[in-house]
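Have a look at these structures, which come just after this line.
Each of the next two complexes has subunit A plus one more chain, namely subunit B in the first and subunit C in the second.
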Partner chain A sequence: MAMNYGGWAGKVLWVNLTTSEIWTEPTEKYLDYLGGSGIGYKILWDHHVDGQLGTDPENVIVYSIGPLTGSGVICSGRMTVTSRSPATPGHLITDGHVGGHIGPEFKYAGYDALAVIGKANSPVWIRIEDDKVSIESATAIWGKGTFDSNAELTKLMGQDAQVFSIGQAGENLVPMSGFMTPGGHAAGGHGAVMGSKNLKGVGVHGTGTCTIKASRDEMRALDDHILGIIGSNNNNVVPSTPQSWAEYYSSGSRWKARDEIKWGAADEPVELGEVAWNERNRIGYRCSMAEMYVGVEYTNKWLKRMGGCHACPIRCYCEMKVPELKSRFKFKSEYITNTCGGFIWGNYLMPTTAGTEQYALTATAGAYLRDDYGIFSGYGLTHHIFKDMKTADLFKHLLSAEEFADVPWEQWDNNEPEFLVDLYKRVAFPDSYPHENALGRMMGDPVSYIDIWKLDGTNPAIDNWNIYAESNVHLFNRSMRHALHHASECASQVGTLINVIFNRDPMCHSHINVVNGGLPYDILAEVCAEKFGEGAFDPVKWYTPINQGKVNFAKWCVVKNVLHDSLTICNWVFPLIISPDKEKNYRGDSSIEAQMYSLVTGDKVTEEELDIMAERTVQLHRAFTALEMNSNDLRRDHDVLSDWVYDIDPDKNFGDQGTIKMDRDDIQKALGMFYEAWGWDSETGIPTRATLEKFGLGYAADKLAAKGLLPG
Partner chain B sequence: MITRRGMLKGSMGVAVGTVYSGTLVSFLTGCGSDNNDNGNGEVVVMPGGLMVVNPILCVGCRRCEAACGWNHEGDCGPTIARVKVAHNMNYGPHGVQSNYYEQRGESGDFTLVPQTCHQCNVCMEVCPQKAISINEKTGAREVDESLCVGCGYCADKCPQQTIKVVRSKMKSVKCDLCQGEPNCAQVCTTGAIKFYTWEEAEEALEIYNNYTGLVG
Partner chain C sequence: MQDLVKYIRLFSQHGKLVTLPQVAAVIGLEEEPEDEDVVGQYVQLILAPEYADICMRKSADEHYFFSRKHIVDSYANRWLAIRRGEVLPTLVQQIREASCQHNAVVDESILNYKPYALDSEGREALREQLAADPECCDIAYAKTAQGEGYFYSTRGLNAGYAKVLANYDPNEWSC
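Now for the complex of A and B:
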């Protein structure tokens, strides 16, 4: 490669499935955008077509990594997928994120991104072995779930390969679908994009390396520095129970290792005991958070070990042996691994009680089915919708009599996890029923069904039930119809603003990795005040009016989020501005990303300089949103919240202790301040020409101006 | 067949060329003890020891691979790493089987079986260049890159499949125990990979070898 940097592989691989052309272009032209989502957004911008759908052949899907991917620096095993998403209104651009080991394998094969355009005549998969790239028939695996598909692709490539594939949901163009890698790693929202291209999957095997400019000693010194700061998943820096080494604890912490927890399904059960923050060679036991999904009893029965992504010491994946998956559900495997939502969503849908056997089985059987079918839930949105509508007994008014009679409601009523076996099949195979299968279609395409079923309070058949008024549904951004993802329920206006500007649930944990850290409020508030300004962090459910500190905090979170998705490193752990080290006064180090980048690439940057590179992609994203929506007022057309956000807890006022209620006027003021912080028009929320040019995005300003969308 | 006590006795104050065969030999080379009747699978036991992974504890983060690459080649990647996690990671030591979901690996029973150099003599014996020799201090079999021509005989014959020829320099690379300070073990997040003296090796290898066959 011509570039004299470490980190990047140097090439972007292109595959046109319509023409079968395969070519590469230098990564150099994308370096201003770092990598990952930055490359993804730039490629999509360059190929923008007005009114294009995510499922149109000429829509490009980009799988991209960054300069840190595969370098071995901590938590650098991520990959970003960017495309127009059928799971959003108007098929706007979104990016999803997948861990595991597929991202580093792209680097070792010599590519910073794979961009796919066109549509194959018949099912295919893309085979990448270093410089050798081919389009192969996938006819033999079309129709299979992701588990079997990934196995077949690996069998064809050899066991050193890393692969991913869509399941039946993606094949059948279900908007709420994604792809899966071995080990339970998924990216959601673009399964149907792959399905529309007849692209079943991708296999990669690379024999090269990620080049690194720094010395071994420099890399190890930084590694050790990070290990002295990093917490558990979501950078929880205290244990969940009182422990001999810790000054503080927090029951919600994802630092679950303690005497009562073991890897009980291991061939030799592993008693965890306390895992202190400075035990470098035991950090992999620290998280062990399966009890969050199946309870303590079943953790000790089923948890075999923890797993996760390349180069991550935290290990948030819970790898479980659940005999009932075979014996009761007749699945062919009794093993399931996932984390967080991957286990949680089933229990959002069923009327289960935490700690029970049904709860544990719902978590694991649900994960198995969704992963194999390749079903996406939009951070649980579809599952919340179902439960709220079922509880309100609305389906009998919306489904045909034939379909209503076909659904085994008694299984849900009796709290039997088998209900999911039936329901997810309806989602993944929308056309395979003698009736309309509106229930399955709604679960696979809630964005459309809000209109089809008139769930916006205008359908008298369901007593004008209003999805935007239902706090239990969690639909947060009314315009984008996406779920809340760490918004006002835990982080005041900071979370709210973060949940406003993306086109899907934001997948941003920059704030959570601080505010949920587990330290006492006074310490966290002090850290946030130092970093962002006074009053940046309110106690949860006790919110004050918007202030500049909160705006600064929210902007910082979005920048770091996009930075991580571009480098690529894990935003479920980074950034690390708090630490478990009392000697450091529990402070972390927000410049770690810049230190990583400087060592790996040899391009020495400050934290501020690197953040500017990430902000460039945020600015492009915002301009892109205006372009795709053909909107000259994103405050009006995009940044709109559901009514429940303001109207929850009718007996309380905004600012009262004990409520997450937001205030309409306060949020409008917050949006204006947020826009100004980004250099956007304070009324319309669209980037100004001056701002776009400041970030080298004059071409975006020209495009918006030509469409009459540029402010001023 | 030797006993563990006999092996230990022999390993003390060892001289180059001390030859053993039997249980430890089969653990080291992956060959059954029956194969030793014709004199194959002999091993020279030296001071030092070897790296062994406990598959029950490995969590597949591959930090060992990264630290190995940083230390030896200055870069990162499974080809240059002397410890091999990725090869067996998703589908176990035998690759994709029809019942892959019952076999080892991330797609099976979650048992990971990383490969490490067992410091046997096979590579040294097959090298036509005599480029592999024993480091008297550590006991590691080390490649002299000034002699190696990258022919790949050692890689083909390595029982653990841990030697690779790196294309960029056309040299074989293998575990040298980091001159007594194995980087892989230093960064391991669970203590799954450890340096074992010959004294300890038999038990560790016995556990490891429980996971190298097909399940069922």
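Now for the complex of A and C:
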């Protein structure tokens, strides 16, 4: 592929923090992998060392974007970070994703990726201003939270720059840590990788552009087409209350705009009213979903406006002004911006009730603290673990008497959000306590603490409490010890299979953007049957045995997810196979990504051709998982679910109405069918040589063969 | 009629269908629009693509207009039926459609919203009517764990599964 395409910047920037060397290499050698996750996985594969830890200096961390990033096509503002992650067993490779404006800025500075290797002698940050790249001292900001650090980096580089940094959790090598950009955008799982390199942050300022091959009119026509079929966040295509412009509504929809909701903290409060799907100049009001986190009353008091990523009309980030953050908690700022989990995790941990003041304060104060310390929660996993263990009163058996007496349990019992002020400090500063601080360490490293505390049902001191049997903990993949993220509770085996193959929670919304779209079941089932085969989508809590339609659906979701993380566009909205337009019979268009790619790069591809490029990265990921785990049987070593998935609702059977219970034999059969759909060995789930070679990954087959891991 | 289109659209934005005399009265037109050939005028109007969103429905001998940019057919039909006093059959039809076609219950809270827009007395009266009407014996009413009322038709859903659907929160496990 010659490098005269639009979209890509053309260079990958390398920084070696041990030697202070800085160099570039052409992106061209990575073009078959598109960008984003694809570049990340390829670079990591090329630098693989057996048994390496994420915190080893020679582990590479890659921040990467794709051909669409910064192009201005809708929702093209995201960036992927790929590296070995200390938050997984064995520090396996994972990728995280961050929105905002940092990704596009890399493009404008002339880079498709930044790869960092080595370890600096003292704290540093990387300063990128177009071709001028330097390693700067970060001594002045080491020890500070992400809010102050990002502010300082922005001050040094100027307001046009985009920056990100780790907080104290990453500095202190807490496995459950990440980095933050201003505006509440975060990527989790690699904060400690940065901390281990003494890399506090990165600042980027670019004065270049993203070359686009298509004409302005062609790009405009594509925008118009997308704006005619796009929904709200998670592609919810109906409003959350009955409204005259919509045939259907769904109370769970993230299309919240209506008469009762306002941006009450705006300088001039904004009354939203209803926002019909065809009001294109008011799409930015459509989402306004703060009530999911703080309730309607506090939305109307605290929501200042909605924010979001580059080129996104949906705006899912709630920018809130919460005076209590300063007056009650004595935080430096009364502003907090985030979305979804960023606000929700605190209430997973506390015994709060939705709609109350404590709930709203827990959401916002918790978000502030986690963001500032740079704490990652593994899709809420650590918070569920805490609450379940606290409710079962287990900590008194696991903490030393000194430590137990040091924890302000009464604040939790009394539902005071101040408990989080104490707890998150324990997580971010694990070594700053006169006692072992096992509680903070567990919240920062649950993967290790499952073994240390024997939480697998083998510790008589806690009555053989078994984390894998507890549905409330949400630990889904038993081998990877990661949380569910739209798994068996959603779309039955489809969600299950999606949650099986990654090394962390999958962050895949391809299925959610269909099945939670808000349309009635019969319409969604029809759309899924047309696209994937009969029976692809089950009714709520009423599951049928595995079938080929479900396998096709799950595979399609994973491919689209990786496609989005490679191009990069937002998987919290795309793909758009449903739309709010009744005239279109609520159908969307799954070829949008191919249309975007063709117009921006000038490389005309079909949807199928583009999907094959994304699948190449999935295949590489799977081969990589086998390699890193040194496993010749991923069914046995990787794709294992927690017991609760099968044992929940003991009075019901799989397939009964009203349960999300799965069946052990059915899931084993589903895995076999899933493996076959990918071209993997149907027993071991490892890609065959024929499959790897079909995707141009013969080198991966050779490596697996050399280790005795290739099937057959 | 073209002069009235922007007002029809404005009313539609607020969920209201209107007759031409109603629009004329609201905007203070001195002359009432001719009602003799309203159908002919309407057909003439929508021949122009810029007015293709304007829809007409006849109800109780009156011609009502709305813009499909702001109002969908199902809403318009319910709005007109409720205006004709057919609240109960409108709700019953909606419940049966939900249960038998869409695998869904109907939240009682829809009655707070247009086109029903009932207060608590109106809602209670409607529930009593439903319970007393032998034609509606398939319509059941129950409450969620949070105490929110919901309706379903036993022609499409059994009580157990209706309860599952009514208590389902798509964000319960993952957000």
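Basically, the second predicted complex is superposed on the first by the 710 of 712 C-alpha atoms of A that agree within 3 Å, B and C clash if a C-alpha of one lies under 4 Å from a C-alpha of the other, contacts with A are read in each partner's own complex, and residues count from 1 in each chain.
One rule holds for everything that comes next: a residue touches a chain if its C-beta (ideal position, glycine included) is under 8 Å from a C-beta of that chain, and two chains touch if they have at least 3 such contacts.
Because the structure is a prediction, the values reported are computed rather than measured.
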- request: Return first, second, both or neither, reflecting whether A:G588 touches subunit B, subunit C, both chains, or no partner chain.
  value: neither
**Request:** Using the superposition on chain A described above, determine whether A:G167 touches subunit B (first), subunit C (second), both, or neither.
**Result:** neither
- prompt: In the superposed arrangement, which partner chain does A:G341 touch: subunit B (first), subunit C (second), both, or neither?
  reply: second
In this superposition, the partner of subunit A with more touched residues, subunit B or subunit C, is B
Discussion item. Quick check for you: in the superposed arrangement, does A:C490 touch first (subunit B), second (subunit C), both or neither?
Written reply: second
### Message
A:G535 in the overlay: touching subunit B, subunit C, both, or neither? Say first, second, both or neither.
### Response
neither
Message: Just checking: does A:M292 make contact with subunit B only, subunit C only, both, or neither of them? Give me first, second, both or neither.
response: second
Footprint intersection on subunit A (subunit B / subunit C) at none
Residue set of subunit A touching subunit C in the complex reads 241-247, 250-252, 276, 278, 292, 340-341, 344, 379, 474, 484-487, 489-490, 512, 516, 520-523, 539-542, 582, 657-658
Per the touch rule above, subunit C residues touching subunit A in the complex are 12, 15, 69-75, 79, 98, 101-104, 107, 110, 113-115, 158, 160-161, 163-165, 168-175
So, in the complex, the side of subunit B touching subunit A is made of residues 56-63, 65-67, 69-71, 73-80, 86-91, 95-96, 100-102, 105-111, 167-168, 183, 185, 187-191, 210
Per the touch rule, the subunit A residues reaching subunit B in their complex are 70-72, 101, 107-108, 147, 150-152, 154-155, 158-160, 162, 182-183, 206-212, 215-216, 219-220, 223, 266-268, 270, 280-285, 304-313, 315, 319, 321, 332-333, 335, 337
